[in-house]
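The two complexes that follow have chain A in common; it is paired with chain B in the first and with chain C in the second.
What follows is the complex of A and B.
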């Protein structure tokens, strides 16, 4: 990354804005790497996270789960794969943790091919590790993946067992105690979708919730890219919404506060979103800086008639 | 015949699904078509696999640029398929210990689970994380205040970038209560809930009308472009 990176070999003779304009983009990549890795290391060493002030949408997610009586059924649709796990896994983890702590009965389904594996990993990480008293089949079950997108949602409205005939262990739906009282998706008082796109929260609203929101409530966690498309449904169709890692961090801080035990440190796996807000802060500041420098450069060029 | 039969299947299935939402008597017909759709969706995975293999084998046989990537794609595909189909490393279901293939690929310790955890997850996460680098480079080179619209976009981007982090609290947290709506963390939410919602609703209504119009054209057999073959 020396003079060879500049188109003009006599780069030092160019005005500063010309040189800045021709900067090798690998310098930007390096700075971004430092902007992200610095806070990751700092938070990793100190364990400190930034404080979060939960917004209305995140508070609503917490309250929707909190107000359910113990042993209520909750349907959790894992509609993402590892690509978006950076943003969505902390949400899924905290949602399952709050449900498990509230002693709610959880039924996991997946409309994305790899969603079943994500659900399995979340079950292992939260339920099996920290709530071993919960029994598979009685307190929670992973029904796995079903192909068909919106058609599966439509089928869930009429016959749950037809849409998901077996769980991920191969057990028939009719033999799973937790599903004894479930005929259709509307038998769940709460539906949670953690979604990264299609099919996901938007389709749940369009095909299930819009027609049946008097019977069941719906909360969603989504990626930053999807959040603008879901805000129009909040709070009528989507009772609570977690948008991107910021929403996850807000919700996570509420769950951690509600389950905090004096003298016991919250395990790092339950503060992943809060830990990621540090790198996000520095990366965003770096982006703002880049945009400002880019524009100073732009106006300098314009002034000299080079733009 | 190759076009007429699929067209009639679409017309009958489409009307059945539509009527099942409005007419209680047609509910069971809607269920039947939803069942059929699920089977077809599962078959689509087989077609997808066939298409992937065909495309990459052609690329390989022609030694097209980047054929090495096709080798990696096909190799990964075959290995994963083999592991998934033959349930390598999967223990039998405790309820059916005699049946060797009764266990689940999702179970911990299976080869598929290993591929998922140690190959797929890091690879896909890395691909997604690369976006941050390209977005930073693009922000530096392309995000310029060239006109009024671009300035509005820039200001909104600043509010959102700062408001969605602790920087917003540090910079504007001192604003008095009566001006709390102008605090960056609150203002970013206001932008999302008012400007964004209004814009998105307009787009969604437009799309819905377009989808309804296209759907009706397909249901009445006017639009046949989805059948392929070049004839609209």
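What follows is the complex of A and C.
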């Protein structure tokens, strides 16, 4: 049958799998939009979220932070920008919240240009709004962005102040009390990277952690696209891993449970990832349905062709 | 008018009607309110700022005694929830502390417009999508140019080669460079000029030298780290016992956990061997080798499936975030952060 004849064929006269092949893909887009927006509206109106059962990798992130003594130093590398905020901002928010609640001293750095602003926004939302007693310079500091990718990581191994000579306010590293005892990155017992790609968690493992994991632990939060590349490093080179929005939701639920106070409602900004698991569920069911229908169609076509 | 044109017209009309209806019911939609704060600071001059930076750890924005003692005043506008505006209006209808911010409101509507413009590509390629796409490309290029200039060239290159000029003109807080840093930056400048030589009509071969330098340094950095973190470390973690005994706190063997830990290790070791066999092309894939290679293919397929699943999860999370923005910040259909008291 020629292409012209095929196109002119009456659609209702075709077998069902042929008709399925001809569905305009925009109907699929519309159904996906409904699959995502429906749960958002439902969760937005009711405020209910799905229960989360934390996996081993997410539990490890929580425990690595939880076991640190108060006033320990934590290096938080914000290696993403607003493009990936939908997935990674909930992780960054909850990580900073747990560190602040544990009274850990946080040093923020960024290897992505917009990471510094993301760190500043996270500091504002979590530390300044909910932990106002923490003082900039003593309890936390944002060292801003440094260009250089792996070169910055290598430099951090020898001289922290040379890699980040001043903070985002312009204050020299030598004048910042929180950095008094820091000579190199290995002076931090824990390194946290929230990363969306290059440079990010993989480079931290390759250039810093693999050679020094006896001195410091490393936990990471990453996008779904990056997660398959990072799972082989867990648990030897990456002590804990939050993979995609699911990892964020699991970790968020653990932090919320551990910091819950009876009679006090957890602020909604700490449940962003849990809220986004509703759309995930419905959209994934829809995707699975499409894959099943596609396979049935494939086998039906094959059978008809064989007959 | 073409069929597609008519469809766009209908979609646009329905959309505008829904927006108008939404704007007329309830609290309305798409407005940003700001709270005014008056700030007064005695701003020190550049010399005082350097002195203060050397002697104090506090922020330079904090009020300090300046040499000229001239106070600076300005107003800061911080975004507040519509609920705060409603409360302020209720307490005092004539208040001006919390007001509607037109620039931010227009920004919000532009953000919504460009989000929809990008989504409109799913229906068909169109002018709105092209405008949004061009704007993203233009803004990104300009942003990267500015970042490259101010975060790399100015502090690292010019700051090392002409520190006095950079300190007096643009970055008073610049940390003075060491002599070695100045020498290395001078070399970097020479390599940069050599790299740009290819733009000249003659002597293009000169740009091959900095390229060779970049390739050499990158290879040196990557080979060592890859061997250490991926080859050696990953090989080491694959050396696992095939039979694992998991004990509980009392020292008794937990059969169930032991069984699953052993199965996990066996699957891992078998998977590594079979995948390596699949990529081993020196022997024909027949018999035992062929069987192992086929198992390796299954492992690879499962891995690709998991990677695809993660990618889908990531993309849906991003889509959910944009739809949340449209429903929450713009249309005020939902209020997950309790900003409007819906």
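The criterion applied here is as follows: the second predicted complex is superposed on the first by the 296 of 307 C-alpha atoms of A that agree within 3 Å, B and C clash if a C-alpha of one lies under 4 Å from a C-alpha of the other, contacts with A are read in each partner's own complex, and residues count from 1 in each chain.
Here is the rule we use: contacts are C-beta pairs under 8 Å (C-beta built on N, C-alpha and C of every residue); 3 or more make two chains touch, one makes a residue touch a chain.
Bear in mind that the values here come from a model prediction, so they are computed numbers and not experimental data.
Colleague: After the overlay on chain A, what do you see for chain B versus chain C, clash or fit?
Modeller: Clash - chain B and chain C, as placed by superposing on chain A, overlap.
Colleague: In the superposed arrangement, does A:285 touch chain B (first), chain C (second), both or neither?
Modeller: Touch partner of A:285: chain B, not chain C.
Colleague: Taking the superposition as given, does A:169 touch the first partner, chain B, the second, chain C, both, or neither?
Modeller: Both partners, chain B and chain C.
Colleague: Of the partners chain B and chain C, which touch A:228 in the superposed model: first, second, both, neither?
Modeller: So A:228 meets both chain B and chain C here.
Colleague: Between chain B and chain C, whom does A:183 touch in the aligned arrangement: first, second, both, or neither?
Modeller: neither
Colleague: Answer with first, second, both or neither: which of chain B and chain C does A:137 touch in the superposed model?
Modeller: After superposition on chain A, A:137 lies in contact with chain C alone.
Colleague: Is A:246 touching anything from chain B or chain C once the two structures are fitted on A? First, second, both or neither.
Modeller: It touches chain B and chain C both.
Colleague: So, A:51: does it touch chain B (first), chain C (second), both, or neither?
Modeller: first
Colleague: With both complexes superposed on chain A, which partner does A:36 reach: first (chain B), second (chain C), both or neither?
Modeller: A:36: touches chain B and chain C.
Colleague: If we overlay the two complexes on their shared chain A, which of chain B and chain C does A:154 touch? Say first, second, both or neither.
Modeller: Both partners, chain B and chain C.
Colleague: I need the one stretch of chain C that runs into chain B once the two models are overlaid. Options are 170-178, 206-214 or 332-340.
Modeller: 206-214
Colleague: Which chain A residues are contacted by chain C in one complex and by chain B in the other?
Modeller: The answer is residues 29, 32-33, 36, 84-86, 146-147, 154, 169-171, 211, 227-228, 232, 243-244, 246, 280, 283-284, 287 of chain A.
Colleague: Once bound in the complex, which stretches of chain A touch chain B?
Modeller: 25, 28-29, 31-33, 36, 50-51, 53, 55-56, 81-86, 114, 116-117, 120-121, 124, 142, 144, 146-149, 151-152, 154-155, 158-159, 162-163, 168-171, 211, 227-229, 231-232, 234, 243-244, 246, 277, 280-281, 283-288, 290-291, 293-295, 298-299
Colleague: Give every residue of chain A touching chain C within the complex, in rising order.
Modeller: Checking each residue of chain A against chain C gives 26, 29, 32-33, 36-37, 40-41, 43-45, 47, 84-87, 113, 136-138, 145-147, 150, 154, 165-166, 169-172, 175-177, 205-207, 209-211, 223-225, 227-228, 232-233, 236-237, 243-246, 268-269, 275-276, 279-280, 283-284, 287.
Colleague: Quick check: in the complex, which residue numbers of chain C touch chain A?
Modeller: Listed in rising order, the residues of chain C that touch chain A are 53-54, 56-61, 122-123, 143-144, 147-148, 151-152, 156, 172-173, 175, 221-222, 225-226, 228-230, 233-234, 236-237, 303, 306-307, 310-324, 327-328, 333-338.
Colleague: Along chain B, where are the residues that touch chain A in the complex?
Modeller: Residues 17, 21, 27, 30-31, 34-35, 37-38, 41-42, 44-45, 93, 95-96, 102-104, 106-108, 113, 116-117, 120-121, 124-125, 127-129, 132-133, 135-137, 139-141, 143-146, 154, 157-158, 161-162, 164-167, 169, 185, 189, 192-193, 196-197, 200-201, 204.
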